[in-house]
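Every chain is named by a letter (A, B, C and D) in the order it is written, and numbering of its residues begins at 1.
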Amino acid sequence: MQYKAMVISNQEVSSGYYRLRMTAPKELAEAKPGQFVMVRVNNSIDPLLRRPFGIFDVGSFVPEYADVGRQTYLEILYKVVGKGTAMLAALHHGDHLDMLAPLGKGFAPGDAGEEKILVGGGVGLAPLYYLAKELVKNSRVHLFVGGRSREDVLCITEFERLGVETYVATDDGTLGERGLVTEVLEKQLQQGATAKTIFACGPYPMLRAVAAIAGRTRIPCQVSLEAYMACGVGACLGCVMKGRNHTEATPDYRCVCKDGPVFDYQELQWD
Amino acid sequence: MKPDMSVEIAGIKLRNPVMTASGTFGYGKEFADYMDLEKIGAIITKGLSLRPKAGNPTPRIVETPGGMLNAIGLQNVGIEAFIAEKAPFLRTINTPVIANLYGNTLEEYGELARRLDKVQEVAAVEVNISCPNVKQGGIVFGTDPRAAAEVVAMVREATIKPVIVKLSPNVTDIVVMANACAEAGADALSLINTLTGMAIDLQKRRPVLANVTGGLSGPAIKPVALRMVWQVARAVKLPIIGIGGIMTANDALEFLLAGATAVQIGTANFLDPAAAQTIAMEMERYLADNGIADVKELIGALRY
Amino acid sequence: MKPDMSVEIAGIKLRNPVMTASGTFGYGKEFADYMDLEKIGAIITKGLSLRPKAGNPTPRIVETPGGMLNAIGLQNVGIEAFIAEKAPFLRTINTPVIANLYGNTLEEYGELARRLDKVQEVAAVEVNISCPNVKQGGIVFGTDPRAAAEVVAMVREATIKPVIVKLSPNVTDIVVMANACAEAGADALSLINTLTGMAIDLQKRRPVLANVTGGLSGPAIKPVALRMVWQVARAVKLPIIGIGGIMTANDALEFLLAGATAVQIGTANFLDPAAAQTIAMEMERYLADNGIADVKELIGALRY
Amino acid sequence: MQYKAMVISNQEVSSGYYRLRMTAPKELAEAKPGQFVMVRVNNSIDPLLRRPFGIFDVGSFVPEYADVGRQTYLEILYKVVGKGTAMLAALHHGDHLDMLAPLGKGFAPGDAGEEKILVGGGVGLAPLYYLAKELVKNSRVHLFVGGRSREDVLCITEFERLGVETYVATDDGTLGERGLVTEVLEKQLQQGATAKTIFACGPYPMLRAVAAIAGRTRIPCQVSLEAYMACGVGACLGCVMKGRNHTEATPDYRCVCKDGPVFDYQELQWD
């Protein structure tokens, strides 16, 4: 749906990373982990297009500013990388944003009781928190999180507060192990860690490595992808990824915005 | 008093002059959750080809100053799947549907029009001539008046439905192209399609688009579109559908003043999925506020 | 280490690849209070005609989304007043000056080049071929390869100075135009000039510009300019000066990657009168930060 | 010169009219009444061009925020008419603006002692206040001010505080006389008011009427004009007006930005 959100808070949680909490209509309480939003940063033509962000959290609160009872909020966790995110970072309590949400298909949580592994790279962690909140209700959850440096590893405390067991890797070793998060994941799996489903979100090379691990270990795996998007509703065909059986003669493109952003890794052609 | 917002293009009656542009509105259904599809004048489909088309590799889109480039490469389900899978939904909506056609040869255009001729849901065809002519070394049909005229004549013969020709702006003289299409039997002209452009990723030293070049759309191109509509409206007697960078009711009304009978909303649908409906509504409000009884009074009403 | 920023265009050595575009930088002096004119590669003058030209009635400019339209109509002091009144200031500045020439007939172009041939302050001429050919019914020289070639040949014969030809983007095939100019003896090509556009005042129901149409410049046109520079660079051996919507050092470097040897800054001078100097400085910083020793390494370095 | 200004205050003084006070380098203390500024509203490309505004006031103040001694401020008075001015209206204390100032030629104050008449229409009043501050030092000053309605007549109290005698006319008669300010001016002149110079700023039709009065009464008269501007420094030739002897064959265009915005009415061709 399309709605106007009011900014509740917009906090820098690590250098260059922000958590933006905003009001949402009550329908958003039904948003599934893994779904995303498209934010219109402002009403000018600069930037022109909406910006996509995963849903970091959804919850409810009692607003101070009005006598309206419990309200729904939606939160995103974003990194400032360019013009649009820089403008988001300048927003204050009370500012308004035009939103499309919830968009796309979310994660399939899988069976209750079985162990789950989450793998997040940098800001790819964002949709995993909302997912973890769901999963911990019925499952043991492990989080493998990677980043370039310690500032790029976000919100660990929040995950731990949910009872998620976390493993951290950074490229420069400033937090957790030095190396790639997928190396840590692979090592843990070799050391006998078991899991019934892997949920991964992060940069494409990380996802490809996770998909390879899933292939080798035959653990079911869902990945959440990013792509340049214009419409967010499956109309422009700007955001496609190749499906497993895609060939030039028998095209099989999937829209990240509509068919995803979450895919079973076996649905896709990895290159 | 409610202003009369209806217009007629090539025999098709529209409740208002606002259509959605090909390739920016999917097959209509994608926007049904966000707006009332019966509050706009017409829906133009994504460009349809004879067989399903894969389109280009990704990245396919990139934002540019005041605009965007796309190189979708005309990915589409193909004409048969359109008829079987997409048309049924469109039949349930009381708004004219216009099929945008894309061929790689003269014959493909003819064949496409023939297949649609009996498809009731389709009120008219819009012929996209910004396509490379594979038989003639990839030269784009829409940049050569003779090739364009051949396409138009071919489609004209293949269907009794109204034939709208969509012109490419990447030409020296748009009036020459418009005249060629008019003489070959077009019932209406829509313009403009995208301007060819390019974006570069400095750090990677690569074009951003996998296809290297793409089509520029959005507010950036509005002045070029407005100029071409004005030029063609003065020179050619056919009704014109104005397209290019329309974001607001004011933009749309400017195209009417320049000589367009209707407009199409493209990139704006991405910024606001209810854009077309909103623009139609606000055009009506403008008319009411300014005591204009009939939107047709504005068509070509520019004083110069 | 300081990167080498120097480039050479048609025998003219530039301390860096950043020039100021014709018509956006007056005769140089207007910007002397805001920047150091000796920190840029070259200054291009306002378009010069044989006799002083009044230009168009006003309004002459209007802002558009991400750009602006201008219809100055080439108001200028005329070649004699330029030599007598404007050139002396330019002589005091250690930066090459390129005279932009505007003729209404073939002969005028020749005459202009001849008059400048002995004017020491002028390092080269840039021939603006986006001018209506009054002898041939106002068809613009720059949209017809034969007419363009004639102009170039005429100027080529009239001067021993390097001849740069500035191409119009309002053509179907920019490569055809570029080749015609190359064969006729051009030493370098600069592109693009403005795209023809139009703006309408809805309330007054009139074109905003007194001239009705005008030239679109600014960031909006950058994708079109980049595409044309890339197309011409691949097809023609001459050095290219890239122009169109350059606002930042990154923009300028993208034009180099696409194949330009130098760039011109136009509309950006209006937003920031020190833009050209700032862009040159920041290009240098980019090179230093990225360990690029010589700006010439970037010319045409696009991978595709 | 080009400089970065910090917004000190930005107050709505009448519905849709704002006074924006900002810091300025000390050189601006030398700005002449009638000169103007070009403001870059923000760093985005929307709006693209700078916006021109007359100098409403220049003065000095002792800032609270730093121990820096007396600082110069510059003030503009603007009306929200479109995108750029709407964005200006949203600025707060502490925001920054990129400025070009002072630009153009100001008013020639004329001889000391002689009586002066100021004529302002709507926001055309802006540059007259800074002028009045100068003139009252040596002259008796009369202000004729017109507007559509009472909200369009601005800052009268400020002028009166300077000792300026004011005459008001509004189109709808909600303040002062009903009618055109030029009618009031003409009546006063017929009733024997005397003046050695008229200074006028406002919409073109008002200026044309004032010029006509000046012609009839042979009172010297300077007018401050508006024009669409791109560069503000005489380079683009976008802002020109026809000089008195302009013909197609012997062009005589004047740049409003460089040769103006203030002109002797006799310099120009009025159409």
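The working rule: contacts are C-beta pairs under 8 Å (C-beta built on N, C-alpha and C of every residue); 3 or more make two chains touch, one makes a residue touch a chain.
Keep in mind it's a predicted model, so treat the numbers as computed, not measured.
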{"item": "Chain A to chain D, fewest steps along touching chains", "value": "1"}
{"item": "Chains contacting each of chain B and chain C, listed by label", "value": "A, D"}
{"item": "Whole-Å gap between the CA centroids of chain A and chain B", "value": "36"}
{"item": "CA centroid of chain A to CA centroid of chain C, Å", "value": "47"}
{"item": "Per-residue overlap in chain D, given as positions that touch at least 2 other chains", "value": "45-46"}
{"item": "For chain C, residues that touch 2 or more chains besides their own", "value": "65-67, 218-219, 247"}
{"item": "Chain-level touch network, classified as line, ring, star, complete or other", "value": "complete"}
{"item": "In the complex with chain D, residue positions of chain C that touch it", "value": "23-26, 30-31, 33-34, 46, 52-55, 58-63, 65-68, 70, 72, 75, 218-219, 247, 267, 269-274"}
{"item": "Touching residues (chain side chain B, partner chain D) in the complex", "value": "65-66"}
{"item": "Chain D-touching residues of chain A, taken from the complex the two chains share", "value": "44-46"}
{"item": "Chain D residues within the chain C interface of the complex", "value": "1-2, 40, 45-50, 98, 100, 227-241, 246, 248, 251, 253, 258"}
{"item": "Complex contacts: residues of chain B adjacent to chain C", "value": "64-67, 69, 143, 170-173, 195-200, 202, 204-207, 212-213, 216, 218-224, 226-227, 230, 245, 247, 250, 253-254, 257-258, 301-304"}
